[in-house]
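Chain lettering (A, B, C and D) follows the sequence in which the chains are written, and residue indices restart at 1 in each chain.
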Amino acid sequence: HSTRSIFDISRSGRRSTRFPEHPANPEMSSVEEAIPAEFLAEEMAPLPELAESDIVRHYVNLSTLNMSVDTHFYPLGSCTMKFNPKRHERLAGTPGLIDMHPYQTAETSQGMLKILFELQEMLAEIAGLPAVSLHPAAGAQGEFTALLTAAAYFRDKGENRTRVIFPSSAHGTNPASAALAGFECVQLKKSATGLVDIEELQAHLDDQTAVFMITNPNTIGMFEPEIGRISQMLHDVGGLVYIDGANMNAILGKTRPGDFGGDMMHYNVHKTFTGPHGAGGPGAGPIAVRDFLADYLPAPIVTKQRDESGNEVYGLSRPAKSIGQVRSFFGNVGILLRGYFYLKTLGAVGLREVSEQAVLNANYLLSQVKDFLPVPGGDVCMHEFVASASPVLKDRGISAMDIAKRLLDYGVHAPTVYFPLDVPEAMMMEPTETESKSTLDRYAALLRTIATEEDPEMVHSAPHTTPVCRPDEVKAARQPILKATLPATGVDEPTEEPLVTRSV
Amino acid sequence: MLDAIGVSSIDELFNTIPENFRLGRDLNLGDHVSEMELTAQIQQLARQNASSSSHVCLMGGGAYDHFIPAVVDEIASRGEYYTAYTPYQAEASQGSLQTFFEFQSLICALTGMDVANASLYEGGTSVSEAAFMAMRVTRRHKKVVVLESVHPEYRQTLQTYLQNLETELVVVPTPSGTVDLKQVAAVMDKETACLIVQQPNFFGSLEQAAELTRMAKEAGALSIVSVDPLSLGVLKRPGTYGADIVVAEGQGLGIPLQFGGPFLGILACDEKYVRRMPGRLIGKTTDSKGEDCYVLNLQAREQHIRRDKATSNICTNQGLMAIRATVYLSSMGPKGMQEAGKRSCQGAHYLVNQLKANGWKAPFAAPYFKECVLTPPASVSEVVTQAQEGGFLVGPVLDRFTDAFCEETQEQLQNSLLLAVTEKRTLEELDQLVGVLAS
Amino acid sequence: HSTRSIFDISRSGRRSTRFPEHPANPEMSSVEEAIPAEFLAEEMAPLPELAESDIVRHYVNLSTLNMSVDTHFYPLGSCTMKFNPKRHERLAGTPGLIDMHPYQTAETSQGMLKILFELQEMLAEIAGLPAVSLHPAAGAQGEFTALLTAAAYFRDKGENRTRVIFPSSAHGTNPASAALAGFECVQLKKSATGLVDIEELQAHLDDQTAVFMITNPNTIGMFEPEIGRISQMLHDVGGLVYIDGANMNAILGKTRPGDFGGDMMHYNVHKTFTGPHGAGGPGAGPIAVRDFLADYLPAPIVTKQRDESGNEVYGLSRPAKSIGQVRSFFGNVGILLRGYFYLKTLGAVGLREVSEQAVLNANYLLSQVKDFLPVPGGDVCMHEFVASASPVLKDRGISAMDIAKRLLDYGVHAPTVYFPLDVPEAMMMEPTETESKSTLDRYAALLRTIATEEDPEMVHSAPHTTPVCRPDEVKAARQPILKATLPATGVDEPTEEPLVTRSV
Amino acid sequence: MLDAIGVSSIDELFNTIPENFRLGRDLNLGDHVSEMELTAQIQQLARQNASSSSHVCLMGGGAYDHFIPAVVDEIASRGEYYTAYTPYQAEASQGSLQTFFEFQSLICALTGMDVANASLYEGGTSVSEAAFMAMRVTRRHKKVVVLESVHPEYRQTLQTYLQNLETELVVVPTPSGTVDLKQVAAVMDKETACLIVQQPNFFGSLEQAAELTRMAKEAGALSIVSVDPLSLGVLKRPGTYGADIVVAEGQGLGIPLQFGGPFLGILACDEKYVRRMPGRLIGKTTDSKGEDCYVLNLQAREQHIRRDKATSNICTNQGLMAIRATVYLSSMGPKGMQEAGKRSCQGAHYLVNQLKANGWKAPFAAPYFKECVLTPPASVSEVVTQAQEGGFLVGPVLDRFTDAFCEETQEQLQNSLLLAVTEKRTLEELDQLVGVLAS
């Protein structure tokens, strides 16, 4: 493949999108008449010049260098890389949804507001927590928003709680969000199963404790057996329990964060409810909280009322003691819509089956690999598990990273490796419910093949079939090259090519 | 499969959930619906909304009905892009990585800055992230100065971000629509981390951005300029007047309105601040065979490595929106950006002049680009209804934001709204709107 | 890559599309009540059972095994593989166009009929022939339809003309269409330039001559210099001249078939006007004819009238002596729409520039390869040319087919080889106007590299990087395997999987 | 580029066109329009049409408003499929080739036949190609028999295809909606190449297809059965009752209505006729490394090899539509086809019964599947208008085809129309239509 950028293939005079000038009109002023020269650019931006055909060939070919759920098995632990139903992608583009301005009046937005209201209700029901805000842009912002909500609650109660606690296996966003929100971070010690050491936790709890953040099921793929006691401990000191919802795919309709003691949680709509991952985003990070926190939620919340004739009327409102907005506009509506479509599509039974099938698939996979990739969490997991490549490293010098890279050669995306740090040579695998048994069988067989591959050098030096192999990250960081620019040399084509080199 | 696991039922796998926490009933979500039924239901709900399909949209306030070339949808709807994960695994992600690298490059070309990240959530959080970054760079954590003419929701976001911290947020009022430089000078001091300016500002007006940038520098603070990317085919690129950090709402760059999101947060800055930047960065390097390739760079700034010491908590970003913007800017090129900017600007001035001839007033005198605050001779809410019935969406009406402005500014905004004209609007449409509003 | 078919990956119980049963209603009969048992199937069709995720991964991966215009340079002579503007693809899907029933009343179809009427007019103008039928499904059907139109005209005049003549370089569809229409076929002798031997033609002309079919510019890429005289000769004996429009991309707005003596022609909308090729189709094959043939055109034709208020009203009509329909319904409207969008997009000047740039690109390419791949047609061509690999075959044993296959290794689609038969080791190249000079330069360099490749065996045995290499066609034909079926063996999955394995 | 060629202008390259034939003016096509303008224009024109987006469509007559799963569009809109050429170059076309191979396989599974080609234009030409094929197989070129209940446009197409030949086309009248077997027996003879039957027929009614197939065989002719593929989840597959050639309009298999085309011609037959088939065929074979692969097969039948001796003149076929049908059938599976068939059939019978209760008459008594001829108590053209104003598209009105039917049949069709019910129609919609037509 070629790594030439669009700046390299730019040719002066090529065009794709053009706009006509406004027709001559005596009352039309030129830009120079409308705006003083001091504000006007002296030259055009040095953007590349391309025909639509150049653009299409460039990006279509680039896209095929990716592995993706649509093309490959992608057992990336903690990321829930499940299939994204195609209807949902298309429905999100329905005229009348995709082209609504965020400041339209409620009167002209009833269909959209009804959808968002129903989504709030559904997310509350799934969480077992009554108040929902759809506002946060992603899971990390959901965490941050919930922590600010908690802070506002404590402040309102006149309490000065400065500390947020989390297990060592917590996602990096937990401490990062807590720090951003102005809290002091306390991390518990490592644990190979990711389960909380009750005594250690107890030692940290006092009237400075604001929030205990816990992912449950945890990052090792285990449901925290002491979650009830942990919640009670937090509540006993006046603190709150935050449930990181990254692993909700394991427990939908089986148990609810609100029922096992959580006071606040966020959803990752792009993990659990098939907003696609989009090569990194966008997500949506709705939060659900207990009733006593509802007044502090960010604005806006969707409300339903009835008018005189008894018709349902939807509107937006600001909670009484709202922390305010954490972003502009309502939220990542395009992603929320996909979540809504997904929940409607599955209904109560289908949603429970999601978790049942996800857990079944994970346990089946675990059963097929545990003899050569031991799983510290034990023989039963939730929707994912963390295996360790330590024995393979010891016996054959093949590391988790080596296995991950070698998998790419066989057309399977790597699992998450070296996270959480609690497990040495961690390989975190989450097959999700949308993969078939035959895919899992093939994957398990591949892992075995790689772990026992005759020539370990083939594994060390993998991947061999991908467009590139083990980029030099140190070099990248030492002298960062972070952009391309137009070549300085001239070009040999006419300065304005004919219409045909553009698409339209 | 159950045999292989050694259990007799799927339910057995959930035995690790303490019994008292198991949900002994169906969730109250209703029955599942088929693809066919869902499609019919959603189309019916969509018909209950107005939109830029059903109406001609002249709404402004930070989200605009700009034209989206079809090639943007063509590329962004490829499963290889939209169903891929964050490109941590470089060998399996060269497509995304190179595309984001090109995104960074295009944003630099457009803004005139040295380096851009691979996206933040949207305009408001970009302003906040920039302020936090400025505090890190300047090591001044006590004071942030923002003009009142910055989008009220960006300011609100910033305020929320700061609300559990000690930092003071100083808002410089702009009752005449643009800021009085003297008032800025009065608040800038040695404790000020940054000065935040929006150009064109929330009212559509042009601030003395170059001068404001200079004033920030003088105070040892960073200048943060929030721009409308669609203005940069016509207006000065902030890199050319020395802005330290440029942020933007990238929605205009090929991203649909979708009721407010997902949009695209842009952040670009001077090279020397690169290691203090929030968000993902893609770099070019070589692989084990010496071939050029792309990789996530400077990850040590990020939450998955640095945890509570990270430059931001952002993880999921707006990758697919950045891909859209990349294809959009490739398709526009320098001339397309210029043409779109000119058409928008000319259309806006034409419309404003026509409305003024019909008795409308513009409370602010400063030059504007594509958007303007206007006060109709009738009640503004009636005007909105009238426009809507005539097939036009206008606004927002500015009383929506009253809490966000000081009294003096509020007075100027009484009974007024924003109108924005993009390159999509034809003279016929503008004339028709004038007619609808005159009747 | 895997060649497993969807039948191989089928698993009993997996589902993608489901339909609900109608709600219980006393007036609803069961199918068994509605239809006697003798008509009802006794078992379900043995179709594969798949989840949407299975389908997507299967076909997305399959698609990437193709070379296509969106991904590769595709200089396939005679096929005009030009870029398809993306807007046109999307506009063809506009609600209100794509979902119109063909039997809707004219009253409910005015927008569509206006488009089709304008397209008729534009195609007449480009052809220089006044009467157009949009009805034929593809170029070959256009030929057939025009020949039937001619036959009806002759029959109506009481003439018995049974013979159709064409040059040896004619597309195979010309004789095939003539034969299908009941004509006797006469093929002229081979000619390395494809130009018509006037004397030979003259010898065949008499009162039995119905039509002379000629592609102009011809398949060698040359404009027939004697076309005026040829037309005159045909008209002198009462015959008609048919212009195969496959090569219209060379002459748009530069000259018109009607002006140089053609009486009938067809367009290939998918070649000239960017209906995409669709891996083989669909196309659309509108025909344009002289006024005296208009009454015989197939039904329906779009008409424009004015009502009492002077408003334009569009309708469908049947020409007075119409040959009738050659297919059901109006025509391949979806493809015609793309042609309309293209013509609107380009306008008169843009359309002329198409041919100018196409001819410029072809001549430039010719200039870069003629020293090692001689071009019998000479140093100037129209939009395509035919080079000969004979010297390379003679000197190095590398055939046109070898070069074609080796090009695939470099990510370029092969040119057309061994057609027309008039040129030995023919390589017919058509770069089209949408390719850039740098693409042409790279292609010419590749041809040179291959022709002089150090190890000719690498060329003989090419391609090496494609999913397969030189399939055994003889084996395929000897014992044809033309379908897959469900495996007879059982499967180990439940008979009805949970909802989650389906998309929706 | 001009220098390399050795000319001084592009115009010089056109010097081979005799001067008197050069067009000395611009074509009269108007000026070019931008993507943005074209989009606005087309959307405006589209709004002048009714369609199944704006109305509930119950129209029949060989094209139906069936449900299309989104996955069909997702796959068919991939550039790798839709911008590829005919797969002559097997190494560069394994994607298309395998997909078409699967199409052939699915059509065989659906129809119960041995072998299917990779598509023809549409239903009408498929009937004609089948008739020509039957003439080749039987070496009988004098007579083709077709039932009057076959779609009138298919019959018209066949008649046009035969009009310059000696073959006699015999139409067996069907005044009672389905054919009288005795009348068929009366015309079948040793010169008859084939008997063409449609099941369900144009009126929606079920013919004695199995018996008719047997009668064709007895006469040494081939039976050609034209089916509605969407009926085959419920009705007998023609392979199970011995049809020699099955043809079909494949529009219902995931292809939009688009005012009549492109649709999908299907042709499947008994294995022994494979070398007489028209159209492209894909076969499985092995490559030079012994690996399985797919390739165009038996090309010697085709026009690019056999020229005037080819089995058909078809070149461009309906590849992309075959890809759509392939994905559609993969998505439907056996149960989806059965469910869709049942829903359609039940909905149709429900509607017909409701309308009969309101005074409508059904002229034909035979069992029907999803479509039926109905005579309203009022003028049929008024009924169409009334439905349309109530949000429904119904028809076609059968006087559209009067020339196509014998007098006796015409009488039955007076003041009547076709109504078709697909799986998309809900009971609410059907009740609403009954209400609209009753008012």
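Methods note: contacts are C-beta pairs under 8 Å (C-beta built on N, C-alpha and C of every residue); 3 or more make two chains touch, one makes a residue touch a chain.
Predicted model only: the values in this text are computed from it and were never measured.
K.L.:
Have a look at A-D, A-B or B-C and name the one that copies the C-D interface, over half of its contact pairs being the same.
P.N.:
It is A-B that reproduces the contact pattern of C-D.
K.L.:
By mean C-alpha position, what chain is farthest away from chain B?
P.N.:
D
K.L.:
Hey, how far is the Cα centre of chain B from the one of chain C, in Å?
P.N.:
Those two chain centres are 45 Å apart.
K.L.:
Per the centroid of Cα atoms for each chain, what is the distance between chain B and chain D, given in Å?
P.N.:
49
K.L.:
List, in ascending order, every residue of chain A touching at least 2 other chains.
P.N.:
Within chain A, the residues that touch at least two other chains are 14, 17-20, 52, 56, 60, 64, 69-72, 85-87, 89, 91, 95, 345-347, 349-350, 356, 437, 499, 503-504.
K.L.:
Multi-chain contacts in chain B: which residues touch at least two other chains?
P.N.:
Answer for chain B, listing residues that touch two or more other chains: 32-33, 35-36, 38, 67, 69-71, 74, 77-80, 423, 426.
K.L.:
State the interface residues of chain B toward chain C in the complex, per the touch definition above.
P.N.:
Touch residues, chain B against chain C: 32-38, 69-71, 73-74, 79-80.
K.L.:
Tell me, which parts of chain A touch chain D in their complex?
P.N.:
Residue positions touching the partner: 17-20, 56, 60, 85-87, 89-91, 499, 503-504.
K.L.:
Touching residues of chain D toward chain B in the complex: what are they?
P.N.:
35-36, 40, 67, 69-70, 74, 77-79, 423-424, 426
K.L.:
Under the stated contact criterion, what part of chain C meets chain A in this complex?
P.N.:
So the residues of chain C in touch with chain A come to 9, 11, 14, 51-54, 56-57, 60-61, 64, 70-72, 83, 85-88, 95, 345-347, 349-350, 353-354, 356-358, 433-438, 492-493, 498-501, 503-504.
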